[in-house]
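Same chain, two partners: subunit A is paired with subunit B first, then with subunit C.
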Partner chain A sequence: MNPFATLARLVDEAPRRALLLLAAFLAVLLVAPVVLDRYLLSVFFLIFWFATVGQAWNIMMGFCGQLSLGHALYVGLGGYIGALLWVKFGISPAIAIVPAILVAMAFGAVIGWLGFRFGIEGVYFALLTIAFAEVARIGFDNWSFVGGAAGFFIPVSAAASPVNLRGGPMLFYYVALAMMIIAFILCAALRRSRLGHAWLAVREDAEAARALGIDVFRAKMAAVVISAAMTAVAGVVYAFYQNNLFPSQTFDIARSIEMILAPIIGGLGTLFGPILGAFILTPLGQTLIALVEKIAGRAIPGVNLVFYGAALMVIIWFTPNGVWPWLKKKLGIPEGRE
Partner chain B sequence: MTPLLDVRGVTKRFRGLTAVDTVSLTVTEGEIFAVIGPNGAGKTTLFNMIAGAMTPDAGTVTFAGTRADGLPPHELCRRGLARTFQIVRPFPELTVLENATIGAMMRAPDMEAARTKAGEVLRQLDLWDRREAKAKSLTLPDRKRLECARALATGPRLLLLDEVMAGLRPTEVDRIVAILREINRSGVTILLIEHVMRATMALAGRIHVLHHGATIAEGTPEEVTRHPKVLESYLGAEAL
Partner chain C sequence: MKTTTTITRRTAMAGAAATLVAPAVVKAQGQTLKIGSLLPRSGFFAQAGQSMHRGVLAAPELLGQLGYRVEIVHIDTESNADVARTQAERAINDGCHVLTGAFDSGHTLAIAQVTEQRQVPFVVNVAAAPQITEQGYKFLVRNFQTGGQLVTNGLRLIRDVMEAKSIKFEKAVFLHANDTFGTAQRNAMDAIWPRVGLPIQLVEKIAYDPRAQDLSVEVTKIRSINPDLVMCVTRASDAIKMVRDMVRQRFQPKAIISPGSPGFYDEEFYQALGPLADFVLFGLPWANPKSNMTQAFEKAFVKANPNNRFAVDSFNAGFAFEGMLIAADAFKRAGTTNGPQLMEAVKATNLPEHVMIGGPITFDAKGQNPNIGSALVQNLRRVPTVVLPKDVAVAEPVLPFPAWQGRS
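Up next is the complex of A and B:
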């Protein structure tokens, strides 16, 4: 699977009008920071970030049909590894990404192996993913070396250093934008690959997939491991953006749920769904948080989740397959293509 | 003639019930071989043991010279044994072409080659015009042919067909009979499990008859239809 060849083919096959639109959209995002203030930069950071982790989660659920409700685990593992290596050993997050990916993959492999080897499927598999995230939360809560429940902090340094993810909102804007684009291209390439087709077959009917020569266990394992790796990278970036890590927040199930809303609303198993979903949900959620703060005079935690729940119901009511499939139809893009 | 598939004394019990009782049969490379029998004769159980979906309690299955019983279905498929399901199992949300491409990718060097191979198979099974349709939108006859197309796309030496003609109208049966003949002529050995007598008689070179899980006859269609036990237990009073 050559990413450049795939990219060339993607560009080659896409309708001209859609490409122009996409190019214009990207161009706007590239120059937008000129006019955006700090607050809006941070909103866009969150959009890009949620689009990235949504894309990663979508590999498991949207492509392979395996429900994970514990993706906060990989965010947290990535975050803690990146932060620890930087603060305690002075290792740059650019390098720490490698161990972060490897550890997340190892955890993904253990969860996948336990689930898929012993035939734990559907909601029971989802429970297993929650359990691992919860165990991690409790573990980190009691691990004093990483600050325990009191949290772990990354010192803010005056000198900007992009390689070490030290800098202002502008830096994180571009880092997250790059992450989102890379995640999209990676998923587009995977979707067209042999492995991607195996995932779709497993999602649709595992028994039939098996009869066509697909090793279902291997396909599912690949989905979990790749998804975990992508999520861990986003986790490192998020930790350096926040400058702090609290186990009760990092590994919280609310975080896991928040991560999966964008792809569900945008359209499960689609490439644009997670991005579209993030662009719809995050600004709405942020507006609501700001509004509540203004009206109530203080932040009410969880209010955005309540809102997300309501938005989810409304959107699923009108477009049961997500916004992107609906929009695609409106734009006149044939059903078989992205 | 070399035996492609050799089934020796396979038995399968479900609690007290013996669904398949020491059945042996040999399928030769290049032939069309049918297993028939009334409902509950153990046809599908026998089929599942050959296809790797069930492991026999006793006996062996040998495919292309190596032991095959107990191997998982995907491994059997890699060795050249492809199956269809009695109740068709297309990938509903994927297009007809994607369905066939997934079958073809096992032996194709890349996805482009898989798509090309899938296209060939879809043309062979009269599904090319429907290639962009989602599998869930197909009619039953189309789905049955898609089921065959997908299995055929894996490039099998032996094609196992589980009642592909059941539920089809006579004109549809004739169509699929013609297609299966064509597939067989291209070098694929076919083992079919059938209920539809007329088509089976027209298609198969040899027929194996099961009743209550046991073999009661085997031979050419003429021999089998003349066999007294077959007349008695399978065709019943209607034929006498």
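Up next is the complex of A and C:
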């Protein structure tokens, strides 16, 4: 699996019009900070961040068919390791990403091994992932070295240092954008690889895949471990963006649910689904807040969330397989191609 | 007679300074301060956020009477740090000169990132994480106690009530929710209890899940220990469960005291328990019932929120109002909405007359108000009533508790 070769192949195979559109879109995103104010920069950061973690989760659920409802675990582990190494030992997050990835992979491997070795599947596997996230929350709540329930804090600094993720929203905009693009290329490469095909086979019918000689256990383990690693990277970035970590918020199941909405709405198992989903959901939430204020003349708590829920229902009603498969059809992109 | 006026260099400098400042002050008199109030009015913290919001609704009337002109923008953080941060950006884009908030420490710190980078003053009204004022933020002040201060003051008040009522507690149990707030308070308790030196044997610390259907197991455990004092850190619904299970199991301690937590003063606690809600005690920063400003604020509160009781909301509403007062007063003195200058004025705040118990509102070099006091509050006839310290108390503490049975 060579991501660059895959990228070259994707470019070769893609219709010229689609490529031009994509290039224009990327160019717009690259120059957008020139015109975007700080509020919109922070909204775009969230879009890119949710697209990245959505892409990571999509490997497990969309490609391999394994439901995880505890992905906040890897965000938290990545965030805590990155923050801890920076605050306590002065190790740059650029380097701390490596141990963050390794620890998240180890946790992913333990969860995967427990689940797949002992035949825990479907909703029971989902419960296992929730259990690990909850145990982590309680553990970090009581671990005084990282501040316990009172939280862990990254000191703020006026000096900008991109390598150490110290800077304003513009820095985080570009970091998150890069993260989203890399995650997309990696996922594209993985999906076209031998492993990617094994995942799809496992997703469709694990028994049939086994009969074809695919090592199902190994394929599932690879999905969990890679997904955990990608999510941990996003966790490091998020920790340095917010500069604080509270176990109750970091490992919260609501966080895990928030993370999986984009790929579900965008289109499970697709490459553009998580990105499209994030581009729909985050601005939708923000727009509804502003819209309710505009119409009512003041903020009415909860009303925008009701409309948000209703909008999700409408999207799911009209595009049950996600927005991207529907859009793909409208754009005339043939089945089997992104 | 010839009068000679000597103009010294100092007089000239003062005159020049006055000339420079005067237009700004005149301009400020014609200007309105736009304050962004960021509170979690929906989601997990909605109950507390709405309680604080009621204080914000009452603020313009009283501030107007005091000669301050403010316009308040109400923003819901949805109990979500991401929303808190993006909405803080939007509020500043929309012209807010000062932000106040945000109840939760995580949300507060998310907003602090924005205000620090945009050089807009941020007055923290409720948030207890000590690190908020230890992080070196230059555009943030906090008018609230830290978690450690809450527990320390709460425990001191237990000693005070023992002395005031000549009552002795021999054995105590500490019961706490195992959520973030409860665990943080437990950790503070572990650190502070030995230092306070209360003559009570702390026999057991029991954690519980606040989402549990009942607390019968925990109460059975407490009953077997038979302490005369139960200290607890609860939320509203689990405080109800705790009292109900104590009544059900006929467990009657001499006192139930919370050394700094919500639960016992929420309207739902009174509604659900009726007379059983009475006599529990809690040590918290509280509205000073003897302050003129509190009385004026209560009138404004009742006018703005006719369906709510000020006594029940006074903790949240009081701090929410004081956040507005600090901002408005700083604006009046600074005579400008320019962030850095307004922040200088916020830091130089000295407000002897205010709502909450304690000394004048001032801020130390880190931006923390060191003068916030705590009161021991007891539910008497379903009204949270200040019973200690004596100088602000409006009733005598009732200890030991009257029996659960036979209350009307």
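Criterion: the second predicted complex is superposed on the first by the 314 of 338 C-alpha atoms of A that agree within 3 Å, B and C clash if a C-alpha of one lies under 4 Å from a C-alpha of the other, contacts with A are read in each partner's own complex, and residues count from 1 in each chain.
Simple rule for what comes next: contacts are C-beta pairs under 8 Å (C-beta built on N, C-alpha and C of every residue); 3 or more make two chains touch, one makes a residue touch a chain.
Model, not experiment: these values are computed from the prediction.
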Task: When subunit B and subunit C are modelled together on subunit A, clash or fit - done: fit
TODO: Check the contacts made with subunit A and report whether subunit B or subunit C touches more of its residues.
DONE: C
- [ ] Return first, second, both or neither, reflecting whether A:Glu121 touches subunit B, subunit C, both chains, or no partner chain.
- [x] neither
Task: subunit C, subunit A and subunit B - angle at the middle CA centre, rounded to the nearest 10 degrees - done: 140
TODO: Figure out whether A:Glu134 sits in contact with subunit B (first) or subunit C (second), or with both, or with neither.
DONE: neither
TODO: For A:Pro155, decide between first (touching subunit B), second (touching subunit C), both and neither.
DONE: second
Open item on the list: So in the superposed three-chain picture, is A:Glu204 touching just subunit B, just subunit C, both, or none of them (first/second/both/neither)?
Closed with: first
Open item on the list: According to the stated criteria, A:Leu212 is in contact with first (subunit B), second (subunit C), both, or neither; which is it?
Closed with: first
TODO: Quick one: classify A:Leu46 as touching subunit B (first), subunit C (second), both or neither.
DONE: second
TODO: Please provide the least distance in Å between a C-alpha atom of subunit B and a C-alpha atom of subunit C in the combined superposition.
DONE: 37
Open item on the list: Using the touch definition from the top, list the residues of subunit A that touch subunit B in their complex.
Closed with: 192-194, 197-198, 200-201, 204-205, 207-216, 269, 334-336
Task: Sites on subunit B touched by subunit A in the complex - done: 51, 72-74, 77-78, 82-83, 85, 89-95, 97-98, 101-103, 105-106, 110-111, 114, 132, 134, 150-151, 154
- [ ] Would you mind writing out the residues of subunit A in touch with subunit C in their complex?
- [x] 37-39, 42-43, 46, 138, 141-142, 144, 147-151, 153, 155-156, 168-169, 242-244, 246-249, 285-286, 289-290, 298-299, 301-302, 305
Open item on the list: Which residues of subunit C touch subunit A once you look at their complex with the stated criterion?
Closed with: 41-42, 46, 49-50, 74-76, 78, 81-83, 85-87, 89-90, 92-93, 105-106, 109-110, 112-114, 116-118, 129-131, 134-137, 147, 178-184, 187
